[in-house]
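Lettered A, B, C, D, E, F, G and H in written order, each chain numbered from 1.
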Amino acid sequence: LVGLVMGSDSDFAVMSAAAQTLRDFGVAHEVQVVSAHRTPEKMLDYGRSAQSRGLKVIIAGAGGAAHLPGMLAAMTTLPVVGVPVPLGLLDGLDSLLSIVQMPAGVPVATVSIGGAKNAALIAIKILATSDDTLRQRLEDYSVQLADLVEQKNRDLQTRL
Amino acid sequence: LVGLVMGSDSDFAVMSAAAQTLRDFGVAHEVQVVSAHRTPEKMLDYGRSAQSRGLKVIIAGAGGAAHLPGMLAAMTTLPVVGVPVPLGLLDGLDSLLSIVQMPAGVPVATVSIGGAKNAALIAIKILATSDDTLRQRLEDYSVQLADLVEQKNRDLQTRL
Amino acid sequence: LVGLVMGSDSDFAVMSAAAQTLRDFGVAHEVQVVSAHRTPEKMLDYGRSAQSRGLKVIIAGAGGAAHLPGMLAAMTTLPVVGVPVPLGLLDGLDSLLSIVQMPAGVPVATVSIGGAKNAALIAIKILATSDDTLRQRLEDYSVQLADLVEQKNRDLQTRL
Amino acid sequence: LVGLVMGSDSDFAVMSAAAQTLRDFGVAHEVQVVSAHRTPEKMLDYGRSAQSRGLKVIIAGAGGAAHLPGMLAAMTTLPVVGVPVPLGLLDGLDSLLSIVQMPAGVPVATVSIGGAKNAALIAIKILATSDDTLRQRLEDYSVQLADLVEQKNRDLQTRL
Amino acid sequence: LVGLVMGSDSDFAVMSAAAQTLRDFGVAHEVQVVSAHRTPEKMLDYGRSAQSRGLKVIIAGAGGAAHLPGMLAAMTTLPVVGVPVPLGLLDGLDSLLSIVQMPAGVPVATVSIGGAKNAALIAIKILATSDDTLRQRLEDYSVQLADLVEQKNRDLQTRL
Amino acid sequence: LVGLVMGSDSDFAVMSAAAQTLRDFGVAHEVQVVSAHRTPEKMLDYGRSAQSRGLKVIIAGAGGAAHLPGMLAAMTTLPVVGVPVPLGLLDGLDSLLSIVQMPAGVPVATVSIGGAKNAALIAIKILATSDDTLRQRLEDYSVQLADLVEQKNRDLQTRL
Amino acid sequence: LVGLVMGSDSDFAVMSAAAQTLRDFGVAHEVQVVSAHRTPEKMLDYGRSAQSRGLKVIIAGAGGAAHLPGMLAAMTTLPVVGVPVPLGLLDGLDSLLSIVQMPAGVPVATVSIGGAKNAALIAIKILATSDDTLRQRLEDYSVQLADLVEQKNRDLQTRL
Amino acid sequence: LVGLVMGSDSDFAVMSAAAQTLRDFGVAHEVQVVSAHRTPEKMLDYGRSAQSRGLKVIIAGAGGAAHLPGMLAAMTTLPVVGVPVPLGLLDGLDSLLSIVQMPAGVPVATVSIGGAKNAALIAIKILATSDDTLRQRLEDYSVQLADLVEQKNRDLQTRL
């Protein structure tokens, strides 16, 4: 259901959090290294065939002059979620601007710098618009997040 | 199906492009001014009740310390699309960072600074994951975009 | 008298300096983990009940799309002091802009990135506007700061 | 009760909003042009004598290498609220950083770039910590803000 | 010899300076609107066929999430010169970073924000590496630049 | 054929990637430390004599107020490729702007921050405009890049 | 005594304030358009001959990749004062970084973006280290600045 | 002759390079920790008395909201050289803007972030405008810099 792609295998250090979250929610997905610049033909085929292969959402992570999310968005009408991967310099500001500042007509749904987990959650929220089981899991997840904060709060009290 | 909210009526100068695009695609929507800071209770109610009122996606635009998209995302499991509205200073960089840099667990799908049209397109793409009519309209739209570029290219040739 | 809250227990590494300073000045305070995004209802209750529970000032620290200080400021008429907590990327610039760029009507008194000690000092200065004992302690503190600089100056002379 | 100072009379275009808000809330105040760089002795006297002259809060606005708020904070134990005034270039980013990034021990409560109205509101919130009449006016103001948003929302509905 | 492409006809306001400079140096060129995002297939064909159609250099201008220069560089071994076109916000900083921060292996030779004339000059310098007539014209141009500065200097003297 | 210069021998940590790439492609080159600020006369001689000594392209790397690429571009009609070298602070943003923002008439073909390998590839692409052997090697290199991505993709699959 | 140079005659709109201030203080000076990039030989001669021609300080203004101040500093042991001239984009941030971030050994005394008047004042302060008449004029100027602030303060009081 | 001051003894890690350079050139100097914010009275006395105590130039280093150089410049007509000291966050960009963006009338001669050695060289260049011995030492230093580059170039050749 979800195609998870990244421009380089080194991006997997960041992007693995998206794969993990999809697994946690039981969402079928594939993971591919697809480079806009080094394998442009493959990237285009990936975008073109995504819907017919049964994908419903694409998550794409890239860094620097990060063109992968935007180019995939140009090749398909599926929603594309973009993850700005921070490289060694500029703290991912270049990645963020390269992904989020798309022209009118071809959007990328962008998450925070390095925010691969949140990209997975957006994909899940999208799928949940027509899947009540997933919707329920999101509700549960939200309760767990709150519980975790409460637990941490209690732990903090004991440390004061 | 789509809730379109903004923090101030002055944001409508930017956000009206989203309303227009939703109309163009024939997607039912409502428009509300909801301020995270000035009407927090209303904002929270809006988020809490969104799903039960039949909304499937929320588009939220805000500027400066733009908290509306993120707070709505905290109140609902629906996907929230955030539009950084540029104010008079900093060119919307503050709006962008306030919206996109959400913590793990509570994502906002962010578009470009001032990118209200693209926010509508993301909402439509989300709805199209379970609506083939909308999917087809997105395909048509994509062809129109390409045709428009070709037309502009021909016009440019005559001007050279 | 002072409510000291933060969005995540990991912020305590920064925010503990505020707790320490309040202790040093003998100012009663409480410490809570309250997340605008993960425990929004609790956050709102915290803001709504702050004054009636006897708080006079709130100090709130948060990082990234830091909405906690601004949302608390929306829920209470108490002064809210905001601490931009730096996360791993962008050096806290996102935190700073998310906190300081509040819209007209709902201010947050913002301190430097990571400036938790200064947040406590602002809270103390606020309380000192109607507490001469605290005012005197601030005067003493100011003398101590100057003495410390002088001591360091003398130490430096010996090292030259 | 409130001393409202600015580095140059040209800053009054921004800072007059603070004076207006203080008038609206019926808070006694004085307005002075005091330059950290051009009239340093006067600035220092202003800071030194502020408390004995009956001031409880100082609001200071300045632009560029904006040293006035920080230097006043160095001369008094009163709370100092800083307003970064945007000059013709850099959109006030230099003013913001020069004011907010104060060292530990000498804080300035900073508001948004050009946020003079919010500086006045922080001053009023500070005074309200020991003045129930002002507290009530802040509550009323908060209701008015919400009403205004609602009114604007209704107006927007008629325009759709 | 030179392919001059841009993502939108609105970019021609900036890019026309490149066309003019190529004309001034008598260098054959074509001008096309080719959008990486709206006409991706055409863009790819353009890159793939560039060399066989006799082009030696490509100049590509684009703004925002500017992917055109980098994607063309991915499709051809010809040198690609990128022009960051400034849009209405951020002064072209997003365009610059989207173009210049290419990954190792797929470079774009980037010029200043809005520097279309310089892009043409780089193309001419590239062609001149194997064309002595062009080399001579560059030498003459360089002398003219110096003469122009001298003329302006003399004019300034009369104004003092 | 290619002159590879840098402002300081400490830049060689970055610039050695350019030398390696030129070696890999079998392109004759020289390496020199030439400082615009510390050896200005040598720098000027280098630029003036570059063409007559048989160079066809110059690659210049520098950091901070990086004047070497631009000054060489002022002294020769050869194409100059600039590499912004990141120093210990600002992540090379100062280097980038100092190199890329050249005035009309005197361009520097700029690559990414630290992008020495890409600078070499631009030089090779320039030479390849009149050298079919090099052109073929660039084609081969491009295929290798794609193969490498595919290999990494396969490796990633085994790790999932 | 003072050489006032700029990279382009268009910089004179900013730099004329330096000429005016030097005139006001009765300091002999010359004004020249000298381009680091378009007239490099002249620029170098200017730097080399500056001291022997009797200059004691050089003021150099330039914008964008602003190399003029730094290159003059490389050619002479005279103090060079640099003025970052803002061009149409980036508000002079590129000019500032290109001028101020000089490497160890070759400093440029940099003033604010567009701060030509202050550059002249630094030149005058330098000359005043060995000229008591100039020193006295600086003292008088300082008094006038303070008087002007006081006058503006009185004017503001009447407007309140 | 030279007063070398810094806002905190921790700045000495950066500022010691200035002391070393002054020693290398045999220039008499004193070193003091003087804090604009923690010892404002001492700072003001330092500025007021600097000239009468025989100082000719002041070098001031400070970080963050770095007010020391500008405030000293407000208290004396001596030239003040400012060193932006980088703190743990923002890479000294806040320090730079707080020091360099001084208002018209009260300049600070600013060097690069962390550029203490260059601050000393500016002070020496200032003194050398009326001291031929120092002028000669600057000439010698300039030759040494060039020789050092040449030496490093030769070393690099052996490593290739």
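The working rule: contacts are C-beta pairs under 8 Å (C-beta built on N, C-alpha and C of every residue); 3 or more make two chains touch, one makes a residue touch a chain.
Keep in mind the model is a prediction, meaning the values are calculated, not measured.
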Output for shared partners of chain B and chain E reads A
Pick same or different for copies chain A and chain F, depending on whether their interface residues overlap by over half. different
With chain centres defined as C-alpha means, what is the inter-centre distance between chain A and chain E in Å? 34
Whole-Å gap between the CA centroids of chain A and chain C: 34
In whole angstrom, what separates the CA-based centres of chain A and chain B? 18
Shared-contact residues (touching 2 or more other chains) in chain E: 8, 35, 38, 64-65, 90-91, 93, 100-103, 105-106, 108, 112-113, 145
Between which chains does touch occur? A-B, A-C, A-E, A-F, B-C, B-D, B-E, C-D, C-H, D-G, D-H, E-F, E-G, F-G, F-H, G-H
Which residues, counting only chain E, touch chain F once they are in their complex? 17, 51, 56-57, 77-79, 81, 96, 100-113, 115, 117-119, 121-122, 125-130, 135, 138-139, 141-142, 145
Given the complex, residues on chain F that touch chain G span 7-8, 35-38, 40, 44, 63-65, 67, 70-71, 73-75, 90, 93-94, 97-103, 105-106, 108
Touch list for chain A against partner chain C, complex: 86, 91-93, 112-114, 145-146, 148-150, 152-153, 155-157, 159-160
Can you check the complex and tell me which residues of chain A touch chain F? 8-9, 12, 19, 31-35, 38-39, 42, 64-65, 89-91
